[in-house]
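Next up, some structures in structure tokens.
Below are two complexes that have chain A in common, paired first with chain B and then with chain C.
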Partner chain A sequence: MTSHVTPDSAVRGVGSDGDRLDPRHSPTPPPAAATPAPRPTKRARIRYNRTESRWGYAFVAPALILFAIMGIYTIGYGLALSFARWNGFSPNWEWVGFQNFTDLLFGSKTYAPRVQAAALNTLWVCIAVPVLTIAVSFPLAIILNSAKRFQGILRSVYFVPYVTTGIAVYLAWQYILEPNGAINALLKALGLGSLSQPQGFLGNPDTALPTLIIVLVWSAVPVAMLLYLTGLQSLDTSVFEAATLDGAGWWRTNTAIVWPLLRATTGIVFLLNLRDALQGFQIFLIMTNGGPGNHTNVLGLETYRLAFLSELAPTLGLASALGWMLFLAALAIALINQRLEKRAQ
Partner chain B sequence: MVDLAPAPTARRAPAASPYAPKPWYTRVFSLSGKTVVGLILALYAVVSLYPFAYMVSAAFKTTDEVNAGNNLIPANPTFDTLIDTWNRLHFFDYFLNSLLVTGATTLGVIVIYSCAAYAFSVLRFRGKTLLFRLFLVLLFVPGVVTLLPVVMLENEMGILGTHLGLILPFINGSAPLAILLLTNAFNAVPGDLREAARVDGAGELRIFSRIYLPLARPALITIALLTAIPTWNEYQLTRVSLNDPTRYTLPIALQSLQQGDTVQYNTLMAAALIVVIPIIILFFSLQRYFVNGLVGAVKG
Partner chain C sequence: MKRHRSLTRTAALATTLALGLTLTACASGGGDAGSGDDKPLTLWTFKQTHATALEKTAEDFKAKTGITVKVQAITPDDAFVTKTQAAAKTGDFPDLLEVHSRGEDFTFGAAGLLENLADKITPEWDKNYLESVRNEGTVTAADFKSSQETGSKIAGVEEGQRLSVPLTIGTFGIVYANKERLAAAGITEAPKTWEDFIAALDAVKKTNPDNGGVTIGLKSPSTGLEWLMQPMGFGELGKEPFEALFKDDKSKNWSSANGTKVLSEYNKITPYWMPGSQTLDIDQADLSFAQGKSSFLVGGTFTLSFLHQNGFDTDNLMTFPVPPPADGAVTDLALAPFSLTGLSLSSASKNKDAALKFIEFVSEPENAKKFSTNALDLAPVDLGADPSTEVGPVLGAMMAAFGEAGPNTYNPGDTSYRPNQYDPGDVGALLMNMTPLAQTDPAQTGAKMAELIDSYWATQKG
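Then we have the complex of A and B:
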């Protein structure tokens, strides 16, 4: 999502040409086409038109001002806090250098094991959610694409999980996952009573995390399916005509031709879901709050708990440090993805 | 050989549309294939709607019935639970609060970031690339990192716990996606239009509002939806910043309802239904723009 979006006219090595214009130039500036950026050397240069520049800054100003207030301050504050120890109430911060980071990773006997357990759970979520989302949405998109009637209605119905994602639908999931809930009843009715969970799916430590993963996949499938569907509809159909003439069946056509052609879509779906799996924690906060017994604790939730749910313990710096590690991980994944994408092209 | 040859053609002929060549896949799904396809599609429709269906079902049940079992169709459907939740539990007030926060946030995002995207897409000024990349990197800052500093900052500014204290960080949080999507949309507008308008003497504001904004309408609606849906459902920042129950938005009201001791599932699901219905209506009335805009955003 981040690649190929650089504005075309923006150039890296900007020279001093922008100031060279006469400050008393005519009030009606020449059209931009009349001053094309000359590119005499390898380093491209841009001539900045004063009026246009001013408009440029004026148009960006509201976004920048808001960012300066809400963004720069909070990011700077969070970054500083990650090197300090503070409980949120005492007047002073105690500067501890990188100790928050080392405490979280291995140093502290209380926090490191919790973080490691949460990291393991996060790892499961990060692998399972993108993989399962792709495994469901790719075939679903192919099948939906082949449906002639009801395609529009079905697409709308499939989008309900995305639209309703949030506390309301998580509470509905909780309701049907209860010990006496609809899922257990359904399993018994289907003769699969051995799969039902007397403690409820979220109450059993062994089924809680897989259940949440399934709910996450359920929420993630709509957008992924839509992306695959548009990918499919933009493919050149003559390829399939040829494949069918050569005797390739349905399975072979989709695995050997469609799947490789949609690799870029798969990359986007994977990256989007990986980022959400790494940082998201709302569903864990609402549906299990990390329980039972920390079996569904993930790094995002651990950060939130350290920041807001640890009473007077001086854990705010730890929370900040953990959050920044999540940021670095997400950025690293995005950069690796961009590199791979470039190599693939 | 002679016997076999006409058979497939004869079978294929009546199904073929007289107007268009058959797509490649129709050949693959013959009679039995069609049934399998229909079954899979219907099954996933059930999966998609399953929790929602039980939400609706419980919302129309009486307390006795919701405690008795899991039948999907209520025996004596009643509007009482919904009406009760709407009036006595003040969900009408929470609804108005949510409407205010979501509306103001969406409007702010559209106004502020369409301007910024116009600058990033069309205008040339120093530092543009750097600023653009700065906003994009924000996409990867986890919300949880800035949650605490935002609370601290708003406490100092005196807006913690107010609706403004929610709207400002929500707008700022939508910056990366809105700028990315709208810049892509403006990039798709032919530059000749702008040149022609300039020759006719139109200024930047006029070009922006009369040419670029109307042409980018699908992208604007997409961004409005991509902002409104998460803002309507926002829970994390709202939960840690709102203390005054009269300012609660719907998700927080729902959560405090859940934490009450005596609440029954029919009331809880009625409240949940009140939360999701507006967003479902909004989404389906604007869906066609959303699909195109989202695809454009990701392809850019």
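Then we have the complex of A and C:
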């Protein structure tokens, strides 16, 4: 049998006669002088397929087992826990049905007000971080893309916050933002002492959350900028040439042509940052621990506090329930985003 | 083709082996609790400042018995909680744990993770401990009753169980002051009243406008509440009215006139906070005092070791307990020492006899005194008529503030009057809105604190 393999069929692994090809075989036709291979019997092909399937399963088994242990088991455990009262130590869980969910939403005077205040802070973060990240990273990408020299160096410089972001950087930010920190010193040196914060930018309840949002944006811009740069470099240059011929200036080109063409990238940047803003808590835990006076508490941090910082109270179930509510919120946002994308297309 | 198949088989075998080895490694990891007779004992502590002192005690223990004890510090507190939670799940608890007395010991014990020491401690051994703290770590009838209520952190304990023995004792509510700066401001005597304290703050602030303030780790909001305001409030009202502040009776709780009175008095400290105190955790606040950024620090007896470790000259310290107001109900306020941390024995330990020997060894007066000296913390043993000779003049002076149990003695370790789900962090956060944040006044703060505490009572009463 001589197999005729088109590029398309090579991708699908199917010969023109519908036979399944052995992927280990070369897709190129054998030389004309070669003796045709004897056609395998149906039973031999079935046996061969079974053996191959077994090998396939053997190879994916490690990954599947690990996923089953680390993924499905954990997810199932977490879901079950959200219906229980437990402190992480006692051998038995106390099943409470949906009480954890209702307590967090409205039922408990202890937890519901905390969750509501954290939800409001989270909402601000969810709006401000994606919007500001896009507002900074899109123009930055355009400027970088049009830079004639040192583009590589500049790109690396702007990417530094991403590769250095972590606990050490957040602690460094703390020092910069404290009452005797660099920002207050700079403001005083510039004659803008009235803008300095005597209690530090994280010590004033009015400036603490906006300051954290700025730090979050600072660490989110590099990836967003890189995504925009990738998008910009994939655009057809003839579109810009046509726009130039039509007399469109820099501003008009970027707002009327580039921005709409990169709408998909903007969607991804928005969604990624929204997800981080909704579920992230590292920066809040390290820099403020939700303070001062719970003014920067967010839902991600509240989940962590209920799980591990509740003085051994049996609130792991509450933490799990809050985690699931956050997951549902993220899912809803993703679905809404998908719907809007489709409508826009 | 044959070679190809052989390669595939080898790859599959290698994958299976790798997975098997990984799982085996996971299964055997951290199995210290299963130490056999010849294996070292493992001790986990959440206090970094105790690690070195415990290691030195372990060295002495090895010299005497030949048994090795490996000490591992796990900090901060949330890391300790997650690590112990994971270990509890996987059966990898260490042989020994340093725990907060009446904290982790009761929670772990309620879950069956700790050995009941009640019938293991001989009367001779028990006599090593100071009588005032001898029963710490033992489940009392009141504890058992509290464990039966909804949402209790210690559901599962049994009355009479002894789940830890004291390792360190001490108290909260100790003010550390920079002696030189106080002297420069004309203050040579420790303040005896709250008014004197505020006057001292004012005087030092005037001579040191940039670093004359007081600090405390308000990033953990419970510190301001429990270490500073509560001792003062106890002195102002006396034992029963003070404890009533935490009940759900509106005529006596934080929303009452008594509550407003205490909060108004406490609010007088607002102008004297070191800027940014609300953003510092306990260690950072201690460090800022050690570095001279503030002139006063509020902590506990345990703070001294941290200051010493961070290079503060302890001869330059003036220490005194948080004083009561001059017109308060208790003018001769004393602070009761209580067991701050204890040692517990894991029920999963396979070498319980050796672990028990170590606990007893630590309690022996000579070894306890050595531990005290090395850790700059107080051991729960009789340190003699002049403790200064054992633990130095500063810690010795602090012990002078200790008082016997009684109506004029504030015991921060007694929390029996609070609801069992009470979270001092959340109540402290509301207090922070008054001072240092100046967002609410005393009456508003009291109303919010009462509302939150009422919600704990409501949960407890179901």
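The rule is simple: the second predicted complex is superposed on the first by the 285 of 345 C-alpha atoms of A that agree within 3 Å, B and C clash if a C-alpha of one lies under 4 Å from a C-alpha of the other, contacts with A are read in each partner's own complex, and residues count from 1 in each chain.
Criterion: a contact is a pair of C-beta atoms (placed from the backbone, for glycine too) under 8 Å apart; a residue touches a chain by one contact, two chains touch by 3 or more.
If you're wondering where the values come from, they're calculated on a predicted model, not measured in any experiment.
Partners chain B and chain C clash in the overlay (superposition on chain A).
Shared-chain residue A:100: touches no atom of chain B or chain C. When the shared chain is aligned, chain B and chain C each come close enough to touch A:308. In the superposition on chain A, A:90 makes contact with chain C only, not with chain B.
In the superposition on chain A, contact of A:121 is made with neither chain B nor chain C.
Look at A:182: by the touch rule set out above, it reaches chain B but stays clear of chain C. Of the two partner chains placed around the shared chain by superposition, chain C is the only one that A:294 touches, whereas chain B remains out of contact.
Residue contacts after overlaying the shared chain place A:62 against chain B and chain C alike. Once chain A of one complex is fitted onto chain A of the other, the partner contacts of A:337 are absent, as it touches neither chain B nor chain C. Set side by side, chain B and chain C differ in how many residues of chain A they touch, and the one touching more is B.
Of the two partner chains, chain C is the only one touched by A:199; chain B is not. Shared contact residues of chain A, touching chain B in one structure and chain C in the other: 55, 59, 62, 66, 308. Of all residues in chain A, those touching chain C in their complex are 24, 55, 58-59, 62, 65-66, 85, 87-91, 108-110, 114, 174, 178-179, 198-200, 202-203, 205, 288-289, 291-294, 308-314. Taken in their complex, chain C has these residues touching chain A: 4, 8, 11-12, 15-16, 18-19, 77-78, 81-82, 84-85, 88-89, 103-104, 107-108, 110-113, 151-153, 155-156, 218-221, 275-279, 281, 421, 423-426, 429-430, 432-433, 436-437, 439, 451-452, 454-456, 458-459. Note for the complex: chain A touches chain B at residues 1-2, 4-12, 14, 18, 31-33, 46, 48-49, 52-53, 55-57, 59-60, 62-64, 66-67, 69-71, 73-75, 77-78, 81, 140, 142-148, 150, 154-161, 163-169, 171-173, 175-176, 180-182, 185, 218, 222-223, 226-227, 230, 237, 240-241, 243-244, 249-250, 253, 268, 275, 279, 281-282, 285-286, 300, 303-304, 307-308, 316, 319-320, 323-324, 326-327, 330-331, 334. Taken together, the chain B residues at the contact with chain A in this complex read 23-29, 33, 37-38, 40-41, 44-45, 47-52, 54-55, 58, 69-70, 72, 111-113, 115-116, 118-121, 123-126, 128-129, 131-132, 135-150, 152-153, 168-169, 171-172, 175, 179-180, 183-184, 187, 195, 198-199, 204, 208, 229-230, 232-233, 235-236, 240, 251, 254-255, 258, 265, 268-269, 271-273, 275-276, 279-280, 283-284, 287, 291, 294-295, 297-298, 300.
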